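The two complexes that follow have chain A in common; it is paired with chain B in the first and with chain C in the second.
Let's turn to the complex of A and B:
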């Protein structure tokens, strides 16, 4: 049954998009600009796990931990070096977007320069024959990815809703000025959101590296999917961006029923475009007025 | 040997000057945050290639038709994105680029997809075939001067001043009874027209096109040029094109393999773009800030 297979493929794709999207959306919520280079950090993380695990030969879990830590540090670094000075000058969001597109190209080409253009594979879990579930085929690795994603997203949701830090982050996201007035250093939380967001990109990078081959240009495709998922779900809302990502994964995979698979990126953008025009706040983004004020 | 190389560089510079000044018309003068300019470049290139391979129309007609066809896309993009502002507009136009790129890549019955289209005929004007690179350079130089001249007088005219007024305060222009939407789509269509003819010049010079000539990397290059030159200045865009295209040529003297040269170019462009945004947002001669 092709429908079941497309459904499974959609859910797997959606899981990876969701991991990219939540990091992106977390950064967007506190910083209010489109961090396009997020996809670049997913690529960098995929290469880091390849470097530590496959080239250096460290234990897989240590490699993964190192990758996530370095990703978090890189998030801090990029905010410190590029975004913070720009924000200090109070530049428009469009400038930040263009700077981050530049960063994405920079990261992709650094990876290309260091690791070469040929595809790499991590090869931690050998691709075994898929398991048949309801007329569809899924591999063990893919099941692990979906479950791991769901667990991570739940932890993140719990962190944002219940923990003190999470609550402050949401307060900053809601109204940075007001948060400043009651003595919260909003700037500190911009850094924090970059650290956590990019560490999540690290996790996404590891899972992508396990599931598919690594190539330098994969970040662009991933961030397109990630922010499309985030924006159609309602970009400031973490649950919204998860919902949007799964929706995108499904639409895309059912879309290639009618169109060649090369149109995947185009499908994402058309979906994004439709939402930008007719429902710019996304599915769960209820604060439409707020968004307009920021523009 | 050196002349061959210089002529090639000058032709590419001429093509990019048309591309950069036309982007500046939309981005700098009219304030339309268009990151989809390369799509216009690609549409022009593909349209003229397909027309000159599949029909026997005279080149000059194809040249104009490709430009006009591209400007239709400029109009459509403006209509579609008219409601959007700021970074959402930038994102939507960037998306337009990806959609057009996917079409080039996947509409294989028309574009041959990633294989590209080889053997594009050299242009012939009134029976005169432009075969050598030197004569092509003269042709590009003429088109380039005509384009700059047109843009220069357009932007100095009351119409051009009004475009800048729309950029600075659209509401006021509306209050004064100006149809700002009409002017905005006209500016976008004009900008697209010139990007389209730059595409024609490119396709018939290289005589081979494939989708990779119109990817995200090209957007970075053209944005870098326009931002280094500065917004709302033709002089800046022209000078910046020369500078930005010559800088990476220095790398050639180190005899690096092409696997390093390619990424090194992109890294240089991306770094220049980020640094100029951080330290000199108005570029060389820019009059206004971006956004």
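Let's turn to the complex of A and C:
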């Protein structure tokens, strides 16, 4: 059944986009600027797991844990060194955006300089035929990726809606100055979102490294799709960005069933345009009016 | 605090300025009047392997020629431009080399799209380009000043089609890179030749260079039920296509191209690569080839990489033609001499036909066995 296989393909692609989108969207939700360098941190994490597991030869789970921890630390570091000083000067969001693009290029080229241009493979999983599920084929790793994404969706939804920390983060997201006035240290939560968001980039980096191999320029492609998924889903809503990524993956893969495969990116961006024109707040984003009421 | 910050900032600025000046000074030609040779190829980006590998071959040849005293007493110097496998960048690179550096001879471009994009500028400014990588069939007609040391894909596509047909396959599928001339050219030639022989191409799917998800193309291919899958693609791309094809349970024979003759390909794909057959440059077994391999290993402490020997021979072809001219910078004379080239290089006899294509070179068939490339026996 070709339909089932395409559905599976779409879900796998969507999960990978979602892994990237979720950290990006978490950072956007609290900081309100577009952190493109998030894709760069996915790349760095992919190389970290390659370094620890393949080059140094540590146990895979220890390598993965180290990668996620270091990614989280790097998130803190980049906020401290780049964004916090810029924000202190009250620069516009455009400046922060440009800084993040610069950072993305810097990170990719650093990886190119250190590890070279050729494709690297973690080599943790042997290539073999996947498992047949309902007339379609999926590999074990892909199942792990999909399940992990769904778990992340649930945890983050719960975290943002129900937990105290999540509520504060949303308060900061809605109005940082107001949050400051009532005694919330907004700056602290900006740091926190960078740590958690970039640790999530670490998770994405590990799984993408296993699924797609590693090359220095992989981050740009990933963040473009992750960003598109986040916008479609409603970028301020973390669960929304996951849903948007799934929608993107499915539409892309079903689109090229009928259209030539070269139109894949075109399909993705047509979907983005449709959303920007007719529902600019995305699937789960709040409309202007609703937001005012909520505030 | 602010003061220390300012000092640090000024220090960084000073280091960059001094570093820049130092770099500029040390980069000056070894000797006044050195003959500059341009190099256009991807050194960064995802296709970097197609630039870094030939660059090593060119570096080695230039080092040897300079050690012997250069050409008519003048040393050679390589001016390298990174074109990222992008035709726009290749045009920028050739404009810079021709207008700023006043260069008359270029090794490159590497990706076929680069060579085809830069060729009109080279042709109109009488600059000689020798490509050691571009195999697209259109390069033959790119101009009088455009040469190449690798054989054309008109031959490679034919070889692959014949191979598929001889093995008894009648229904072929193609998955090709559709955003550059390499994939487009091979897809066209294979389709024509395979149909001419009596086979049918049941499905032909393209993808954009840089893609990493080929599952839907492969799903469509799987449901078209071909006997053989031809993949004119490149690295990275080959690795993920083969991985995802195996994962989706596509069991038919896979035929690849010379881009699979890449250590990284077998390293990343592992056992799943075994059994793949691919067309690549016929190996030349001669003293010159062995000597090149030994010298390459001594200089870079790795086995010779694909295309590096073709770049090495390209530099020597230039050297021989330049030596024959009274004025080494006279590109019209060097061009005429290049058409008369006849020497044995690391890739065997080197000579050019009236299109600037290398003469007498062909493709051979290889098989991957236990992650090794072995000549394919029928």
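By our rule, the second predicted complex is superposed on the first by the 273 of 295 C-alpha atoms of A that agree within 3 Å, B and C clash if a C-alpha of one lies under 4 Å from a C-alpha of the other, contacts with A are read in each partner's own complex, and residues count from 1 in each chain.
Definition applied: a contact is a pair of C-beta atoms (placed from the backbone, for glycine too) under 8 Å apart; a residue touches a chain by one contact, two chains touch by 3 or more.
Just so it is clear, the structure is predicted and the values come from calculations on it, not from any experiment.
By the touch criterion defined above, A:34 reaches chain B but does not reach chain C.
In the superposed model, A:270 lies in contact with chain B only, and not with chain C. Within the superposed three-chain model, A:112 lies in touch with chain B and with chain C [touch as defined at top].
When the two structures are aligned on the shared chain, A:121 is found in touch with chain C, with no touch to chain B.
Shared-chain residue A:181: touches no atom of chain B or chain C. Looking at the shared chain after the overlay, A:262 reaches both chain B and chain C. Shared contact residues on chain A (touching chain B in one structure, chain C in the other): 109, 112, 117, 260, 262, 265.
Across the complex, chain A meets chain B through its residues 33-34, 82, 85-86, 89, 91-99, 101-103, 105-106, 108-110, 112-113, 116-117, 220, 224, 227, 259-260, 262-263, 265-266, 269-270, 272-273, 276-277, 280, 295.
Residues 43-46, 48-49, 52, 178-179, 205-208, 210-213, 215-217, 219-220, 222-223, 235-236, 239-240, 242-243, 246-249, 264, 267-272 of chain C are the ones that touch chain A when the two sit in their complex.
Those residues of chain B that touch chain A in the complex are listed here as 33, 35, 80, 83-92, 94-96, 98-99, 102-103, 105-106, 113, 216-217, 219-220, 223-224, 227, 259-260, 262-264, 266-267, 269-271, 273-274, 277-278, 281, 289-291. Residues of chain A that touch chain C in their complex: 2, 5-6, 9, 12-13, 16, 109, 112, 117-121, 123, 126-130, 137, 139, 212-213, 215-218, 221, 252-253, 256-257, 260-262, 264-265.
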